[in-house]
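Each of the next two complexes has chain A plus one other chain: chain B in the first, chain C in the second.
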Partner chain A sequence: MKLKAFLQFSAPSNLIMVTLMIFPLVLAIIFGLNYITFRTILEPVFVGLDNYVQTLTDPAFWAAMRWTLLIIVIVVPAHIIIAFLEALLLDQVTGRIRGVYLALLLIPMIVVPVIGTVVFRQLFDPSGLIGWFLREVVGRRFIYTETTMKTLILLHTTWIASPFALVIFFAGLQTVKQELVDASSIDGATRLQQIRHIIIPHLRALFLLNAIISVMDFFRLFDNVFVLTRMNPIYHADTILTYNFRVAMIVNRLGKGNAVAVLSVIFIMVALIPFLYYMYREQIQER
Partner chain B sequence: MIKTRYLLGFLVIGAFVLGACATPAAEAPEEEAVVQVDPTACNVPVPDSPVTITYFGWPFEIMEFYADEMEKCGEVENIEVNVQFLDFTAVNEQVDLALSGGGDSPYDILHMSNVEVSNLGNNGWLFPLNDLIDKYRDEYDLDDIAAAAFQGATVDGQIYGIPAINNTLHLAYRSDLFEQYGIDVPTNYDEVIAACEVLADEPSLDYPFTLDLSADWAWEIEFLAFARSYGTDYLNDDLTPAFNGPEGVAGLTKMKEVVDACMGPEGLAGSPYETAEVTLNTGGQAFIHIWASNTVSMFDPEVSDFADVIKFAPAAAPKPGSLLGGSAWTDYYGIPLTTQNDPELVFLIIMEALDKESQERGADFGAVTRSSITKGLPNKPALAETIANGVGIYDTHPAVPLAQAGLMQFLPFVGTGEMTPQEALDAAAEAYIAEATAQGYLP
Partner chain C sequence: MRPIKHPIARFFLHLALWIVVLTSSIPFFWTFLQSLKTKKQATSRTPIFLFKPTLDNFSKLWLKSVPDNLEVLAFGLIAILLTLILIAVFAKRLPVSRAVVNGFIVVALVLILWAIPKFVNTDTFYDYFINTVIVSVGVVLVSITVASLSAFALARYVGLAGVVLILLALAFRSLPRISFALPYYWMGQITGLYDTHFLLILTLAAVNQPFTIYILRSFFMDIPREIEESAMIDGASRLGAFVRVIVPIMWPGIIATALFTLVLAYHEYLLVRILASSNWTIAVAMTQYLGGVSVSGSLPLQSAAAVSGAIPLLIVVLIFQKQLVKGLSAGAVKG
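After this line comes the complex of A and B, so read on.
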């Protein structure tokens, strides 16, 4: 295809991308070079790279980055494994009951994130079901500490991330050739061997896809952390985005908030490089 | 024999003839039409074209009542009232976002506390109400609302809010437990700590007492009371920080003592006032420091298991013999400067909710602002005494929010022991100085 034709065909999507992604990013970079508060929003003061330097030398920024990366390292494999297992089990179910199971497994994705998180947190309050159970039956009070709060964040994030991966894997399982599975059964392969040598290789691209999407999503983790922690700094559970929110909306430093956002985009791109390189290599090999 | 059709025809024609010839009845003398104005309805003038008035605030019983009153104005032709509730923090964030850019405001009626009124008024984002107040002073008897309440919404002589409710933090306690253990109602925080020590072993309690220290802003509100009770304030006259001096450290140290004696780690994290309200109602706590506006459920036996024994007392004094530990809050209704509707119409809709008749009914839900209304909730005496003898209102200087922001960043770490009171206050002072210098309040 000639370049001119390519540009013409891709013009609509390029226009949308520039309008909705590139332009705001450029604005964020520019705003990050200024000292801006709500009070002075119409009279920004140019401060150069001060906001970026302050962010990169702020221990709270790096603490938020470490916690965000820890969430990614733990939750990405955890939710992929859970979703894959759920998809395998669901694939074994036949009949109308399969739809019921699928609907139940998709509930975390259907519930509004903030509402679901509020209910989740209330379960662990002193008057909540789990709080009561732990206190009255187990004999131990549940206390919101840094450790328990971070554990709740990990559990809840895994819970809300699994349905999307489940849908991807379940759709992929429908494309597995039954002849291959039957042939392997005849050859004496166990179910585990079939999963390991037939299904997983067949779904390799989907594992990678889920990983890329979840890495990007968890870098933007905000809703459940905001609701669970109520932005109380004692939990040391700020993710990059809640740190960004704290800088912009609580400390009221809008320019620095933009600088944090720009740096977050850079870090996300850096984090995705290995995945994108792996995909590129896969495509080259397939050619 | 006359056929039926001819008979009917004669009857119909006859009826017409008789009707035409009938002598009209003597006209009854005109009575003056008496227009019955429903005092509970909205009586604002009909606008020339359809308008949508958007109310924006956070909900609790009396504010929901006022919002319902304003929604009645939606029954007036050409008026639609759209009520939006979010939680307190979200409302303030959304208002900052909406008004800071200077464009048309999506909101017409803003629910604000005295802190927000001074912030928004200092930023020039609110419509000054002086002329409207003067115009409608007699019609709505605005002198019935204390001048001091209006003063809390006044910045540089401009009034930016109509007082809607009075509020403060005071004590709510289980009188049955206090009697059982021989505890007098605490008047200062030394007595609060002593009461906690007595109640520590009561098996029915999760913990004896809580302040709301569940969020950074909650720490800051309590710290103001403790700091002022110990004799200091946030800023000196030259806007340098005063809160990290010996008095501020003493106040914060006392807060830490309360946390350790009464709340512990569980109470510290689980102390939002909404939760405290529930745990007092269900018997999990003996006494709490709660907003007056959040006590309505405690009188209701359908909601509270202990409605017959829960009683109220003024806030305890952080320093014995000093000011009571409750700051004076008034919630206001204001109008953004960039409202897209006629400010006078918006003002009238607000006044329909704050007129005497409405506040008479509203007094069943909270502390109204009209002095002539004597009835109130059972906690009204406690509220009144706390406001009268408490630490007063926030300073309206625009540098104060910077001090608040600095304090919010570091005060919570005192509760967990990660920072000492002096360390936390010095860190907050450093953060304040950096921001105040950048914004020109300090050289």
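After this line comes the complex of A and C, so read on.
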């Protein structure tokens, strides 16, 4: 295909990208330099870098950043290990029951995240299953405190993120060369050794892919934190995005909200550079 | 790996699978039970598993007032839906082509959704449901049309511009929604499109499009170039070859990607919340039923809303489950 045909075919998509992605980002940078609220949205006041300085000196911003990074550090490995084990188990099953298992395992991913979180939280209500279990069996009432709330967020994020990783691992397991595994069996390799020396190396790219996708997704975690905490500040459980939402929509500082958004875009871009470089090399080789 | 043969090992294998399956699905079954209870049963301190189910919460959620002949109407609706399902199942045996049958089913569904408020006095939850249908179907149509053209170009063009475009799409996919949402809010206010379906469809299609392109491209890469080249030798333009030759071959891949886009659009919370004040989708409307910090106030109603919001998407996904899994893994495993 010639460059001209390429540009013609991709023109509608490029038009959307320029008008609805690049232009808004430019707008966000401009808004970040102004004092705007929802009432004064049409008459911004230029304040220079004030919003950026205020954000970077706001302890709440850094607390949100630390909490988001903690979620990433804990949940990324946790959900990848769980999903990998689930995929190994599922790979052992054949026939119709496999489809049933897979369908049930995918539910947390398909149900609207907001609804999934409501459902998850109901379990911990005084009338919920886990609330009842803790009270009757463990002998403790479940109370929402900063610690329990943060634990819930970690649990729920793992719960909702593992199905996607599972699908990818499961698809990857179908491409493992059976002859290789059989040959290793003849040489006396145990199942654990096969997993360690054949399967994990074969799926290395998928481990990397899952890690990258989940780092990007957890960096913009919003829906479940929003519903679990109901934006109540006593839990100190703001992620970067809920902090951003609070500044823009609740405190009504649209300019500062945009500054926070621009800062988080910069952070994500910096974190993305190794991945983009990896993709770039791969794309160049493909051609 | 070869399946384990040892019977005791297999027992533990299935046991382990059931444990993970139940942890992922029990919360939903619990909420489903809650939605069928009265308020007293739902807030009972010891969980109740055996009770006489009631549909009151659902009628309270969907209807403003309950008409006297509700049973007749519900029965009629179920009968019509069953007829449509039968038509869909036996489409192959009918003397008309598949496209005609599908078109008929789509028209019938639209007519049903349009006609329901004429017969019963529906509550706002029904409006939210209709908004969700309009917005997610709109997003699928716009982003699939635009993205498949671009993905095709990306799969065929070998120059540097292609690499730049695909990297740009990946970078955009990973940006937080809010960095677009606040400027969109301003653009919506300036153009007067705030709180319209049009703005929601356009912006949601724009933010989901990069990922759509990425998945579709991996499908297009599988199709050998010779196919459209031979069509072009026969005198078709490249666009003609694309529409008449490539798209029919690609149809399963397009369905998978469309389904994935549908799920993303249906799930969206933040953008809709910021860009609409009344034309909400179900994801945003859900937060109305959350109550304050103590939630016991309307627990069964909340559960009914959760079930009603989740089920339409679950049905669609269950019908196309194989394609969705294929689409998810195709974008990932190959890319």
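Points worth noting:
Simple rule for what comes next: the second predicted complex is superposed on the first by the 252 of 287 C-alpha atoms of A that agree within 3 Å, B and C clash if a C-alpha of one lies under 4 Å from a C-alpha of the other, contacts with A are read in each partner's own complex, and residues count from 1 in each chain.
One rule holds in what follows: contacts are C-beta pairs under 8 Å (C-beta built on N, C-alpha and C of every residue); 3 or more make two chains touch, one makes a residue touch a chain.
Source: prediction; values computed, not measured.
In the superposition on chain A, contact of A:265 is made with chain C only, not with chain B. Shared-chain residue A:58: touches no atom of chain B or chain C.
Between chain B and chain C, C contacts the larger number of chain A residues.
With both structures placed on the common chain, the touch criterion links A:230 to chain B and to chain C. Look at A:39: by the touch rule set out above, it reaches chain B but stays clear of chain C. After overlaying the two complexes on the shared chain, residue contacts for A:27 are found with chain C alone; chain B is out of touch.
Residue contacts after overlaying the shared chain place A:145 against chain B, while chain C stays out of touching range. After overlaying the two complexes on the shared chain, residue contacts for A:252 are found with chain B alone; chain C is out of touch.
Of the two partner chains placed by superposition, only chain C is touched by A:17; chain B is not.
Chain A residues in contact with chain B (one complex) as well as with chain C (other complex) are 41-42, 125-127, 230, 232, 249. Across the complex, chain C is touched by residues 1, 3, 5-10, 12-14, 16-17, 20-21, 23-25, 27-28, 31, 41-42, 86, 89-94, 99, 101-108, 110-116, 118-123, 125-129, 132, 135-136, 159, 163-164, 167-168, 170-172, 175-176, 178, 181-182, 185, 191, 194-195, 199, 206, 209, 216, 219-220, 222-223, 226-227, 230, 232, 240-241, 244-245, 248-249, 254, 257-258, 261-262, 264-265, 268-269, 272, 275-276, 279-280, 283-284, 287 of chain A. Contact residues on chain B toward chain A in their complex (touch as defined above): 93, 96-97, 100-102, 122-123, 206, 214-216, 265-266, 268-270, 272, 275, 278-279, 282, 284, 398, 401-402, 405, 408-409, 412-413, 415-416, 418, 431, 435, 438-439. Contact residues on chain C toward chain A in their complex (touch as defined above): 1-4, 13-14, 16-17, 20-21, 23-28, 30-31, 34, 42-47, 145-147, 149-150, 152-154, 156-159, 161-163, 165-180, 182-187, 189-190, 202-203, 205-207, 209-210, 213, 238-239, 242, 263, 266-267, 269-270, 274, 282-284, 286-287, 289-290, 292-293, 295-296, 299, 302-303, 306, 309-310, 313-314, 317-318, 321, 325, 328-329, 332-333. On chain A, the positions that touch chain B within their shared complex are 35, 37-42, 125-127, 141-145, 230-234, 249-253.
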